[in-house]
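A short worksheet on the structure shown next.
The chains carry the letters A, B, C and D, assigned in the order they are written, with residues numbered from 1 in each.
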Amino acid sequence: MEFLSFLIKRVLWSVLVLVGLSMVIFVIARVVPGDPARMALGPRATPEQVATMQAELGLDQPILQQYALFIEGLTRGDLGKSLLTERPVNDDIRETFAATFELVLCTMILAMGFGVPLGMIAAYWKDKWPDTAVRFFAIFAAVTPSFFLALLLQILAGYVLHLLPTTGRLPNSMEFEASWTGLLLIDSLISGRLDVFGEALRHLLLPALALAAATMGQMARLTRASMIDVSRQDYIEAARAFGIPEWLRVTKYMLRPSFVPPLTIMGLEFASLIGGAFVVEMVFAWPGMAAYGIRTILQKDLNAVMGVVMVSGVFFVLVNLAIDVLVGFVDPRVRIRGRR
Amino acid sequence: MTETTPDLMLSNAYQNWYRFSRNPTAMIGLVIVVLCVTAAILAPYITPFPDHVGAVTNFRARHLPPSAVNWFGTDNVGRDIFTRVIFGLRISLLLAVVVLGIAIPTGTILGMAAGYFGGWTEIIIMRITDVALAIPPLVMALAVAAVLSPDLLHSMLAIASLWWTWHTRMIYSITRQLRTQEFIEAAETLGASKFHILFREILPNCVSAIAVKTSLDCGFVILVGAALSFLGLGIQPPTPDLGTMVAQGASFLPDFWWESVLPGCAILFLALGFNLLGDGLRDLFDVEDVR
Amino acid sequence: MTYHKLLASTAAVAFLAFGAPSFAQTVVTMNTVQIFGTIDPAKISDYTDYMAAVNLYDGLISVDSSGNLIPELAESWVVSPDAKEVTFKIREDAKFTDGSPVEASDVIYSIERLLRINQGPANLFADVLTPGSVTAVDAKTVKFTLAKTFAPFLTTVPAIFILNADAVKPNEGADDAQTWLATNVAGAGAYSLKSWDRGAEMTITRNPDYYKGFLEGPIDTVHWIITSDEATVKSLAASGELTMTSQFQSPETYKALVDMGRFKMVSQDTGTAFYLKLNTKVAPTDDIHIRRALALATDYDTIRQVIFPGGVLSTPLPKAFAAYHNGDIPEPKFDMEGAKAEIAQSKYAGAPIPITLGYVAGTGFEEEISLLMQSNLEQLGFVVTQAADPWNRITEIAGKVETTPAVNQIFFGPTYPSPDSMFFTQYHSKAAGTWASMEWVNDPDVDAMIDAARATGDTAEQAKIYKELQAKLDDMKPDVYLLTQTVQHAMDNCLTGFNAVPMQSFDYDFTRYQWTCK
Amino acid sequence: MSALLSVRDLSVDFTTYGQTHQVLHGVSLDVPAHAQIALVGESGSGKTVTMKAIMGLLRQPPAHIRSGQIFYDGRDLLTLADNERLALRGTAMSMVFQDPMSSLNPVFTIADQMGTILKYADRRLGRSRSARDRMARVHEVLAQVRMRDPERISASYPIMLSGGMRQRVLIAMALLSEPALLIADEPGTALDVTTQAQILRLLKDLVTQRGLALLMITHNLGVVRETSSYVYVMNKGRVVEQAETATLFANPQSDYTKSLIAAVPRLTGGTRYGTVTP
């Protein structure tokens, strides 16, 4: 029950964050010096056309009313019309989000799947060569600019070694409609298209790796620190004194409590992961929301920019909510005390 | 085994320096940072072609590979890349100094206020922090840079406008722990002013954490800045900027690899230095929680 | 249906089902550096828009690589002696992609919609066509009655793409089908839109039933990838995904692609000119001496030979318009001493002169040219600010005199195969306020000359006027003539058919291309 | 001497910050079977290092056993292989930890933790027990430490229990496999005085009822008087005095012991800092 109230509190908190976020975005969007209506119509537009467009966008109304309009749209899930694509921003984001989601999901799986074991290895052999190697890797992964890594991977794997494709999600010649989830890896399996699955995976590998490296390093670092911290706890000493074998101490007694801080921080780091996606998607021509975001930002496509930032924020908040639930499962203290 | 005097009361400074100097990564970090900062400051005197910072073109000498004359080769208009990389460090370091110069005082004061006063102050400050955490700094900087104009100052302000949140969170949690401790309570009982408690009692206890975080953040701010200029929202040419150099050099990969790889390595090197230094300081001050 | 045909179609179905059509399909993948803004024929305006439109839609007539008008939907046309009436006869077999015949009513509908919306190519017809100007003589004959003599009229007709009125009308909505046609195609083009992720890619596929048929080895699918990133282009080429590049890659990229062995270089001179457009209404380029100094301080050889390949441009009009080009005007020369002398005569002499150099952000060669200009100008005492802006931002700042930088690197090619296209759009005061007219010439004499050339049907008279106009413009020096573009593509050895056309991007009409390998 | 546990001339070094310090100087002590012995000293006296050395919990490095032997039941523990050493823990000798708040793993239930201990203790002793039997034994031991509702307790996470209850759970853990020697590291120090007294009484009752040997590690002479019959006093890594409890209180020999005894009334509250861990 405490957990439920904890969850409710967290959901309310998330809503609050989203309201704040909407205000921030709105303020940024309204300080644009150029006239979005004029830009949308192009240089040949007449003043009347501009005025009509301004009215259409609600730009002629008082600022509070504009915000109210914006919020009202948001609650209906309506992010307005993109000036760039002349389509509802919703549609644009819906189409591009799946690609970003797939990329980010695989990135997180990669980051966790390799980062956590690496951290465990380093902690177990603390100050021995595996530890040194992992720390070395982690620090390099953390400080290598993601765009630089993306370029290096692209050139190395795609251009020099011809190992993997370097742009897009699927080869041009491949026809496949991802109509269930939008995630190619899942939809291809549902429809039994193993060839599509293979290609999608091949296309996903480099961008996911470029994006995952920093987080992977961070996870390895945090897991290591957390494991070492836990290994100094009295209850690990106690488990030793009670004759619990070492392998069990490491895999069970240490791992589970060690898992909480990296997981929590993973949630917070998620924002920088989304930021990284902006760069990586550009380099790999990944047809995702981040690439869409960059394009619309450069075109000063206000509705789209607000939509992309808002959706990134919602994504962030939801991931953190999911992580809270996960942390709750891993750590009864959170479940019972209702905070972390 | 050596016969040492069992003097457990080693002097603090010596002990610190000893621990620091025995930490090879920390020492490497310190050396890198000192090297980069010195090089950036002395750039006009130590670079072989200081005029290549500006709009110098020598199309006969374009795309030259690294050599004894041009250590890092030359770029697409024939400028010495080594010179431009060294000058490029200035922009990166400037970015870090300005962003953190804004973020640290703001974050520290807000964090202390939220942690110490509690109540509505805490609620308001920490909720704002939560909101700001949900926006990736890079995305914010992109949005602001595009909305205003692609200019370094705007990018810096945009990054700074979010970066303080991490400091606020950190200082907040330290302050909350300190608030209940005896020496604070004692100071309160003795009627010390709030100002005194915040800045004379709490702040000194945050200094080591701030030092570690600052060093680590320098690296990360530099990376965000580099990503921005890579995406074309950096400083306007011809001023050298490492991220822009990588982006431009990327057009000439892999044949003229040095034009993007070496500036990229410079970013990596600088960020690495600050990270190693931060790691070393963290071990030194034993503030495990700071990331 | 005969048994034989049935068998064939079953086989086709089998191919689709097994998803293995790769050996039968010819796919051309090309990168393009700008996004496709729109595919609505009433809104298309730039080079990239036309790239899609010429494949998705057909006009009454088209243009070949020599600038000659060639039949398309119309099999023939007659111009009245006073050049005020043009009658087109539509092909009997001309049909839309949905199979319905192309008729005069479709032409009328397309033009009236274009005039109503008044965007895109509509400016070509301002004051020339009005509602009611176009009438149906019979179902397959359509007559244009011009409001006034407009000599280049016929050359602008290819810019009119014909909509399938019956298909569009049910989707008109409240906005003249602007919403519907933003994502749907209703024309008679050789290709259909298959997918379009604005800003990332567009794919079109061949209509096997296209009324004009195809050449041997037709291109089945055209896939455009939008990227200006040289590294991406190279890695696409290396992985075998790319068939031809855009025309804006760096020389290094072309070389790298040719070195791969699969690509050949295709270079052709074009009627597209590359200028430094000097804003004649802001300091310091409001001073003729400064403008002359800029022209003298430009290192033409380095630009044409090293940075961006091109031919000599000596007047605002490229030599491609041979009959109209004024050959008496000497080629521009790089002469720093001369530039110094000009500056000394200017009202800005004696003090540092601030100047802003604008160019399109992210285009490597423009940045190189800008740097080259800066390094020369700094030697002359200018204080240079570089202003790299994204293209859409440039179109915006071009709207006002004050926001237009002093110096702007702009490509301008004919939007229809007539010198009028070059002069009117760039120099006539009626066309002011666009990226193509960043000079802000606004000169009544210039306007008068352009109008005079439009009003006469006599080619010799036109040539005379245009030559005078070039001399006048050269005196005013609103532009530095950098070069005429040599268009270059790296193309797969198997692909042929690229021939530069002096109208928009009609050279990317893929019915003109062939795949020569089996 | 046929003591159950016999520490002979144990010397241990610690290396920190590149400097080596000797923290134990030839410590010797004996714990006969069924006897209750106390090891008393202030923080930094070396009593915790001695205890960890006995349990085999010293981390090496930074610690280094320079010389000495630790005999348990006639075998020198320091010569045993790691797995032989492990086999003794929890079964032959067991330990009651001092801090009930931090000595239980926060993310597993009591039943889980106790069941696991029992499972591996059984395995080492060559016994086997079904999961259900193991639970029965857990509940039985929890009842023995006077827990009212063993089923509920065992299903709880540590955070759901009070300090006193957790301390009982720690004692129950030590008793699971009926060890012959119980080493208690200042049990209850972290608790309030009343609860601590209850815990000590419980511990004493359990030890006497079952005839276990007890080594009580403490800084509190009050605890010593209550729980043990013989005392070793440590200071600066050496055993400075050893005597029957009554004798020691009546007639302390060393100045150090005298000062400790003088301080007793003030120390009853206790501080928690009792280790020399670097």
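The criterion applied here is as follows: a contact is a pair of C-beta atoms (placed from the backbone, for glycine too) under 8 Å apart; a residue touches a chain by one contact, two chains touch by 3 or more.
Keep in mind that this is a model prediction, so the values were computed, not measured.
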Chain of greatest Cα-centre distance to chain A: D
Chain nearest the overall C-alpha centroid of the shown protein atoms: A
Chain B and chain D: spacing of chain centres that average the CA atoms, whole Å: 49
Cα-centroid distance, chain C relative to chain D, in whole angstrom: 88
Residues of chain B whose C-beta touches two or more other chains: 232, 250, 253-254
Multi-chain contact sites of chain D, meaning residues that touch two or more partners: none
Contacts with 2+ other chains: residues of chain A: 151, 155, 159, 282, 298, 300
Residues of chain A that touch chain D when the two form their complex: 233-245, 248, 252-253, 256-257, 330-333, 336-337
In the complex with chain A, residue positions of chain C that touch it: 19, 22, 25, 27, 29, 35, 38, 45, 119, 123, 178-179, 182-183, 197-201, 203, 221, 223, 225, 227, 229, 231-232, 234-236, 238-239, 241, 390, 392-393, 395-396, 398-399, 433-435
Chain D residues within the chain A interface of the complex: 55, 57, 86-91, 94-95, 97, 99, 102-108, 116-117, 120-121, 124, 157, 159-160, 170, 173-174
Footprint of chain B on chain A - complex, ascending: 13, 16-18, 20-21, 24, 28-29, 31-33, 135, 139-140, 142-148, 151-152, 155, 159-160, 222, 225, 229, 265, 268, 271-276, 278-279, 282, 293-294, 297-298, 300, 305, 308-309, 312-313, 316-317
Chain C to chain B touching residues, read off their complex: 229-231, 234, 250, 252-253, 255-256, 302, 306-307, 361-362, 364, 367-368, 370-372, 374-375, 378, 384-388
